[in-house]
Amino acid sequence: MTLVKVYVTYKKSILDPQGEAITNAIHGMGFQDVNEVRMGKYFEISVDESSNTLKEDIEKICDNLLANPNMETYRYEFVDSEAVQ
Amino acid sequence: MTLVKVYVTYKKSILDPQGEAITNAIHGMGFQDVNEVRMGKYFEISVDESSNTLKEDIEKICDNLLANPNMETYRYEFVDSEAVQ
Amino acid sequence: MKFAVIVFPGSNCDKVLYYAIKDGVKADVEMVDFRNDSLAGFDAVLIPGGFSYGDYLRSGAIAGHAPIIPAIKEMANAGKPVLGICNGFQILTEIGLLDGALIRNKNNRFICETVPLKVENDQTIFTSEYQQGETIMIPVAHGEGNYYCDDKTLARLKANHQIVFTYEDDINGSVDNIAGITNEKKNVLGMMPHPERALEELVGSADGLRMFQSVLKNHMDRVNQ
Amino acid sequence: MTEPTATMIDQEKLYKSWGLSEAEFKIISEDILHRLPNYTEAGLFSVMWSEHCSYKNSKNVLRKFPNKGKRVLAGPGEDAGIIDIDDNQAVVFKAESHNHPSAVEPYQGPATGVGGIIRDIFSMGATPVAMLNSLKFGNLDNHHTKYLANEIVAGIGGYGNCIGIPTVGGEISFQKRYENNPVVNAMCVGLINNSDIKYGQASGEDNLIIYVGAKTGRDGIHGATFASDEFTDENKTQRSAVQVGDPFMEKLLMDACIELVQKHSEWIMGIQDMGAAGLVSSTAEMASKAESGLVLELDQVPQRETEMSAYEIMLSESQERMVLCVKPEYKEKIIEFFENAGLDAVVIGRVTTDKQYKIYQHGELVTDIPVAGLVDDAPEYVHEGTMPERLTKDDYKHQFEPQINSLTETWLQLLKQPNIASKEYFYRTYDSQIKANTVVKPGSDAATIRVRGTNKALSMTNDGNSKLVYVDPYIGGQNAVIEGSANLIASGAEPLGITDCLNYGNPEKAEIFWEFNKSVEGMASVCEKLELPVISGNVSLYNEFNEEAIYPSPMIGMVGLVKDLKDVITQGFKRVGDAIYLVGQTNDDFNGSEIQAMQAGDVKGELNPIDLEDIKHTQANILKAIRAGVVNSCHDLSEGGLAVALAEAAFENELGFDVTTELSAVATFSETPGRFLVSVSEQDRHAFEEYFENNLQYLGNVTQRATLKLTTNDFTAELTMSEALNTWKEAIPCLMK
């Protein structure tokens, strides 16, 4: 079993209405030092067996489903790293 | 300027329908090895100046706003770590 | 009797709730902006449905920090009726006036439909005009209406008769099909279904009217005692 | 990044990659400017003269639509059309396509489409009261189409539900041609008091131009973008065509604009939303309408990103922004008003009288062109069309002959076709009841919304059976309008007018242009006949993937007036014992039909001509009968013909029927237009029959038994309610698994 953690965030130039609303709320709570909040998605994917193509598979899943390359970027990491080579 | 990364996830006992829908979609794409996907939230918080209370502040923000303790847990990390002591 | 309808940025069922009081039960009602910090002069608080702050982050989460919130808590603590519908229910759980949380519907999809509800407790100020066990038709419209609480909380809600409405069918995955609960003192009610959309047969059901009549009648009874 | 010089743009013909032709560039430099345009100016021209903004390829065709009428208060040219509904009230509506953005980003694309069409309505001063949408997807047999369908529907619902406007109707169909180019059309309907109507104009010297709403970012700058070699790779990846919608911001904007118009009308001269081609299109059009000039100061424009060029600021398609033209003395009041609503408002320019469009950035004059040149002088092209080859084949005259071995089986099979099956799986995710005005929810012929405070209601529908348009553009086009009108009539409403979305392939191809032109002629002929003005609309061309075009897909959005709430009617049978009638004649009309698609795997063959006089007469009489109170349910016959209409009428209240017809089994699937299925109380039968002379057939009765029984002159079929209902209801959820 391998655990893959994927982080998806909007590209810099993309509007992040959620992040903006959260920033305002944090200011409202009195934390003026907070400059900006950007909100993204976080996935924990557990994969049964480690195939040779795990890295490729994860990238395909990210490119086609978890992130839209037109507006988002992603990065991922394997937690059980010996599983991938 | 300090960057704080916050990860919010559902507690284990909580159903994650989005994660389930994504798992199904991944299976539909032909990746049967994927066992389970859990979806969470990911925040990048940039803080202007580092006060002495940064760690406390972030915890307050998480406890009171970013995560709902009834159903979620969170963890955070400082990217510019020298800023906090 | 004077009702307050709280208006948060993004509330979108506020006007209909206002009509429900003004035209439905013909009582005094006023819209109250979220920036106010007092509810002096009001006898009851209504928190409408909608998407406060876009429901960005988590439904009801950001509204939970609005200036009006302490005043709502004060009303609740003073035993005045506080009713949260849909997003209002979500806000009430976020600010801790009600137990549990509302998470995404089990099938991950928004649902809009008029559904049968069972009245589980007709001994509250909100439900005295209904009959215990009666089935009423009330519209739901939500994406995050799946009521969750842990087993201990559930046992407490049951023991204390805080479960007021349940869905006759499992429409969203809620624990025990819960559609609405009260606090321990039973003066705060949160429910996902929209009684304010069910005031006339013309739009599908008039079963929601009696909820507002209950609140009004109980207040008048108390005042006249 | 350095901008190319005017000479470079000219000599290297850079303008070509932005969609301007050599001839067009020549008109700009020689006839309009009498000099070469600089980078910003060339950019502005290329976008304002694009098909999307100028309609240069389609204008000539669109003129075929009638757009005048006794009740029309505003027609094409405004953000949305307006039709009077008596009592000093009017209905405002328009539809818009968002096909390409939806293919690129299937959640945000439709969401921003919904946001855009809502702005078109409230920018007239109207309160949006309902939304509809017309969706065309590929077949639900592959992962990608299911993903698109789910996301697109979620995007529409996500925006509409959040902003709080009920989504009450629409249509969804499936065909392989839409697999990589889905059609996503959204329509918004608003209400207004006639005295509140606002137009998008910038008039009166020294009046101020105020910008309200979201900040401007580099969103959606792609239509006319420069060749990629101008941007570094880093730049390119950060540059995006995708716009993200912010329904929360739009709700604030909508409520504020409506309140401003209703309470402080005297403060504002004009108001306009920023849609396609953002700031340039909205402000230039406002100036053009008032025949004035404008000076804009770009440094004042709220910006989300740093170092935006003038070109980028002007063309950005960031969402949730509005422009107002206001009297200077109210400036402070207006800014304060918006601030109180949680919105930023800033003065970005003023009105001038020289009819020039001038833009300053960093103290420099970066654009100085005549308003008219930008807005009104785009060339118009008249294309030659050629009849598509497929329509010229010999067997095209042949009428398809369905094969039936068992009526029961064919009937069930048809109820399961995604085009016919219940769309509840999708529309249940739209809040159709919010505002508590929805009298008829999705699921009947048209949706109906009461007008609060009156005894009136509005019915609305989206229609366009593209299979019929594909097999026969002219008659298929006629059919789209007839069906829209029939859906309203069957709901007890008098059709008032039309908005449209015209979705086609590349108009530069002669065959595509022919389809476009012919189908518009077909639609226009019915609009004339039924006296239905087309008051707004939208054209979406170039819907192709790998050179293969979508079916020609005009969508007709129609709104009707129910004069008295007692006339509101739905398609479902109401009472056991009611008599069931078929109104209208049934012919062999199988080409382009659902049964042909199902049995032959494809549609083809010309359609029979339609007697419009007969259609008009029948529709008028149905409405009379409904108003006379002798009709309990009414359903127009469309895809799947009589057999399907009977089943649908039975499903609403789960009431069975026992029907016998002189027709053959095959004929119960014919799609002859202009027919209605009506149920009538026993005591009203005579009164009802009076309206239709011999143009009707008594079929049988609504029954207590939960069975659907249909006897033809050659077959008998009996379905149990549960089997029929499950087949019809579960077909789409099953495919979506």
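Going by the order they are written in, the chains are A, B, C and D; count residues from 1 in each one.
Throughout what follows, a contact is a pair of C-beta atoms (placed from the backbone, for glycine too) under 8 Å apart; a residue touches a chain by one contact, two chains touch by 3 or more.
Keep in mind it's a predicted model, so treat the numbers as computed, not measured.
Two chains share more touching C-beta pairs than any other pair, namely A-B. The mean-CA centres of chain B and chain D are about 40 angstrom from one another, to the nearest whole unit. Note on chain placement: the centre of chain A and the centre of chain C lie 35 Å apart, centres being C-alpha means.
Among the residues of chain D, those in touch with two or more other chains are 147, 246, 248-249.
Multi-chain contact residues of chain A (touching two or more other chains): 17, 21-22, 25, 29, 39, 65. Multi-chain contact residues of chain C (touching two or more other chains) are listed as 53-54, 56-57, 62, 65.
Chain-to-chain contact here is organised exhaustively, every possible pair of chains being in touch. Here chain B touches chain D in the complex through residues 25, 28-29, going by the rule given at the top.
Chain D makes touch with chain A in their complex at residues 104-105, 108, 147, 214, 217-219, 237-244, 246, 248-249, 304-305, 318-319. Contacts from chain A toward chain B in the complex involve residues 1, 7-9, 19, 22, 25-26, 29, 31, 33-49, 51, 54, 57, 60-61, 64-66. Contacts from chain B toward chain C in the complex involve residues 10, 13-15, 17-18, 20-21, 41, 64-66, 68, 70-71.
Within the complex formed with chain C, the residues of chain A that make contact are 17-18, 21-22, 25, 28-29, 39.
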